[in-house]
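Note that the chains take the letters A, B and C in the order they are written out, and that residue 1 is the start of every chain.
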Amino acid sequence: MRDWFNRRGWRDLIIATPYAWLIVFFLIPFLIVVVMSLAIMKSASPPFGFHEAFPWIDLGNFARLFQDTLYIRAFVSSLINALIATLLCLLIGYPMALGITRVSKSWRNILLMLVILPFWTSFLLRVYAWIGMMGSNSWFNKLLTSIYNFAVPSEWALKSIPMMNTSFAVVLVMVYSYLPFMILPLYANLEKLDTTLNEAAMDLGSRPWQVFRDITLPLSIPGIIAGGLLVFIPATGELIIPSLVGSSANPMIGRVIADEFNSARDWPMASAVAVALLFLMVLPMVFYNHYEAKAQNAGGKP
Amino acid sequence: MAATDTGAAAAPFVRIEGVTKTFGTFRAVDDVSLDIAKGELFSLLGGSGCGKTTLLRMLAGFEQPTLGRIFIDGQDMTSLPPYERPVNMMFQSYALFPHMSVEQNVGYGLKHEDLTPAQRSARVKEMLELVKLSELAGRKPHQLSGGQRQRVALARALSKQPKLLLLDEPLGALDKKLREHTQFELMNIQDRTGITFIVVTHDQEEAMTLSSRIAVMDRGVIRQVGTPNEIYEFPSNRFVADFIGSINQFEGEVIRTGGGMTDVSCPVLSGTVKAATDATPERGSKVTVAVRPEKITITRKAPSGGVNVVRGTVRDLGYFGKDSLYRVKLESGHLVLVNSVNTRRSDEGGRVAQWEDEVWLSFEPSSAILLTD
Amino acid sequence: MTRRPLFLISCLCFGFAFFYIPILSMIFFSFNKSRLATVWGGFSLQWYGKLFDNDQIMNAALLSLQIALVSATFATILGTLCGLALARFTQFRGRTLFSGLVTAPLIMPEVITGISALLFFIFLAELTGWPGKRGFTTITIAHITFSMTYVAVIVQSRLSSMDKSIEEAAMDLGSRPWQVLRDITLPVISPAIVSGWLLAFTISLDDVVITSFTTGPGATTLPILVWSKVKLGVTPDINALATIIIVVVGIGVAISGYLMHRADKIRERDIQMAIAANT
């Protein structure tokens, strides 16, 4: 026994324990969803079944994905919302990350702490904070409304700006919630850049914005991609934000899955949408892996 | 290549037999055989990627040879894991355990030996005294300077009283002044403990001063094994001649041999060169005549009746205080390096010649090295 | 560079205003006397008092903490093993599938993870009779599965940046591979393991979606309770709860930041001393 442990048992145990756990509690549940997506809804308990004859499975759910505009619209609005949120995060996060690398070391730690702090507080409460801000009675909405009324002709004046239950609200709260995921990888990337490169470029006659365009930006592409994926992927499948601040007429895909499952109790359809969503998510990952492999080949061993 | 000199006695302490190590298609070490005697301070010298570190790691047991065998003190070590070998290693990065104090670092290896706590702490104390670190026993590695870390690494590697100590670039991370001092300390410790040392280094000066013998490696192959003197004065091939110090090489063809002397016709020297050799290369074979810069005499007047004399003009010269380095252009256009000691004190730095001066170069037949490959 | 990057500084100011104005607004209105959470009606601490009298909230908070403690601990153990396996054992059968299983939960939308866990528990109950009632155990298992992969990523990246020669040195000094793991590797990566535990703990404490699928009657965690209240609209007692959470987290972060800063200072001084001692 002791001999077995010394020789290779310790190694087998290290691999097998988490492997078994992930197979039982992750892989098998996932396979159940895949199989479920090929079933049909039945009014039984549990509410699904298979055809009684060969080939048993049913592709009707996947066909419905393309026939029912609800699903296509939900996919499109999820992708668009996630994309806009990612771009806005980049637009706000990039200068912030760059700014943090340019302040003194003690300030740097404080600012990083301030970026991370909201992340450690509850996600739900961050969404809640914006619900308070966006309501038609809130000071923030009133402030925006008076600025708006001041700027536009009086016949366009509004009593309050409708913010809640719109795609605007969804994007705004997603940007707010996921901004740290953009800033942190970008900061990690920008901080490692050699500042003497900037000095060399300036020494060779580049103005600051040219230095940024020619040196900093190209070298920070890995950080942009990492941050972009960290925002885009969870934003696409987001459930909480669209449920709380989004419009129910124009739902995002995560909400469609949850509604199919909980309200409509159409487990097979919910599974089919889920499988389709995963396919959609795998694409950017494949792109990213391809990019990374290429980058490693280019900058790998001499 | 087998060692043919005095270092390897009849029963070698470390025997490397036809060892090859491949990584994929890359041959890091290519059919190396080597014998090392007990108590030697042996160096593996070569540029980066020459296979010296891979060879060392196979001795330590971190890599398995693809082919061949390794014996230490008569025992076959080839397939033994590192923790069962009577061998210890001093790592290039020192690899001190960051979460342990100096004392704990040095005592770590002793946990696996049959020692009472008293014996163990006595051994740790002895080791720390050996490297003069007793007063820093409680410090953590990050509280030490580079030189102190190096000594902790040495004490830790010696603590188990290994039969063989492997040192990977032991002085590489130290600054120049500390390196010279530590070099002698290392030799001193080797002398006192009597442990066989194998040192990997890329620094030829370090190898020359430290070692009793050196193996020069290139692309996985040992090119020559010998004492520092043999390696420098009697390089056996062009690679070694070129790698150690600087040297002038003249290509030529053998035209006459006999009487311990070989005549070589060298077009770049516009004449015939006499070289004293034991070997008798075949007439008409292509050879290279190699001469060290300091073995060439530079004069303003033609030397009377000597052999191996050639005329040229000074193109460049560098003044180093105690000596000067000349680059002399021969009539054939070939550039020759000459090193000459500044024996006289003068405004001109005691130099024999100035820029564009016409000079005569000459060297003894015994200074010429004949290389056939 | 001597010029102050004005543009970047103003971006930072804007960004942090964006981060903190909603939070400060939320804290401000927690002291509101009025029932309407967004209209100021005078100062009051009544919502804090109500919060501590509310058994439902206190029980939910307790359950959340229990689940987070248990799941973070198991997730840390399993995740550390994952990280070790991926970083140190480059060849074993099924490694590709294994590394896929470790990364998949990271990109899987939580809805899907939640649904698949729920379906799994339903079928498991049909087949074996267990779990008869979903609640603490099922939530904990789902949280472990989800957060162990975060721990694995942290541990793996720490291991791959670690100087491997210290492990070789230990082996060279006579330690068997598992002894090296115990004496050297685990102590050296322990800061990464601790931060992995903290991350797993907060993930569990914060999770709504997966919990909402794997929970059962009677097992209401704090996020689930907040979720059901928020769906009904803004109420000042949630503001009070949020304020307490932010203050607790803020103090925690500030203390750990101070401790890290002090450790840095001590380290710097030690290095200075070492250099001085050497000359």
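Heads up, the rule we're going with is that a residue touches a chain if its C-beta (ideal position, glycine included) is under 8 Å from a C-beta of that chain, and two chains touch if they have at least 3 such contacts.
No experiment lies behind these values; they were computed from the predicted model shown.
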Trace the shortest sequence of touching chains from chain A to chain B and report its length in steps.
-> 2
Looking at A-C and B-C, which one has the bigger number of contacting C-beta pairs?
-> A-C
If you average the CA atoms of chain A and of chain B, how many Å lie between those two points?
-> 58
Compute the distance, rounded to whole Å, between the mean C-alpha positions of chain A and chain C.
-> 17
Please compute the C-alpha centroid of chain B, do the same for chain C, then give the distance between them in whole Å.
-> 55
In chain C, residues with contacts to at least two other chains | 176
Note: chain B residues in touch with at least two other chains are none
In chain A, what residues contact two or more other chains?
-> none
Would you pull the chain A residues touching chain C in the complex into a rising list?
-> 5-6, 10-11, 14-15, 17-19, 21-23, 25-30, 32-33, 36, 46, 92-93, 95-96, 98-100, 102, 109-111, 113-118, 120-133, 135, 137-140, 176, 179, 198, 233-234, 236-240, 243-244, 254, 257-258, 261, 267, 270-271, 274, 277-278, 281, 285
The chain B residues in contact with chain C across the complex are 60-62, 81-83, 87-89, 91-93, 95-99, 108-109, 111-113, 140, 142-148, 156-157, 159-160
Which residues, counting only chain C, touch chain B once they are in their complex?
-> 163, 165-166, 168-176, 183-184, 187-188, 267, 270-271, 273-275, 277-278
Please give the residue numbers of chain C that touch chain A in the complex, ascending.
-> 1, 5, 7-9, 11-12, 14-16, 18-23, 25-26, 29, 36-39, 78-79, 81-82, 84-85, 89, 92, 94, 98, 101-102, 104-105, 107-112, 115-117, 119-120, 122-123, 126, 141-142, 144-145, 148, 152, 176-178, 181, 202, 205-206, 208-209, 223, 226-227, 230-231, 234, 238-239, 241-242, 245-246, 249-250, 252-254, 257, 261
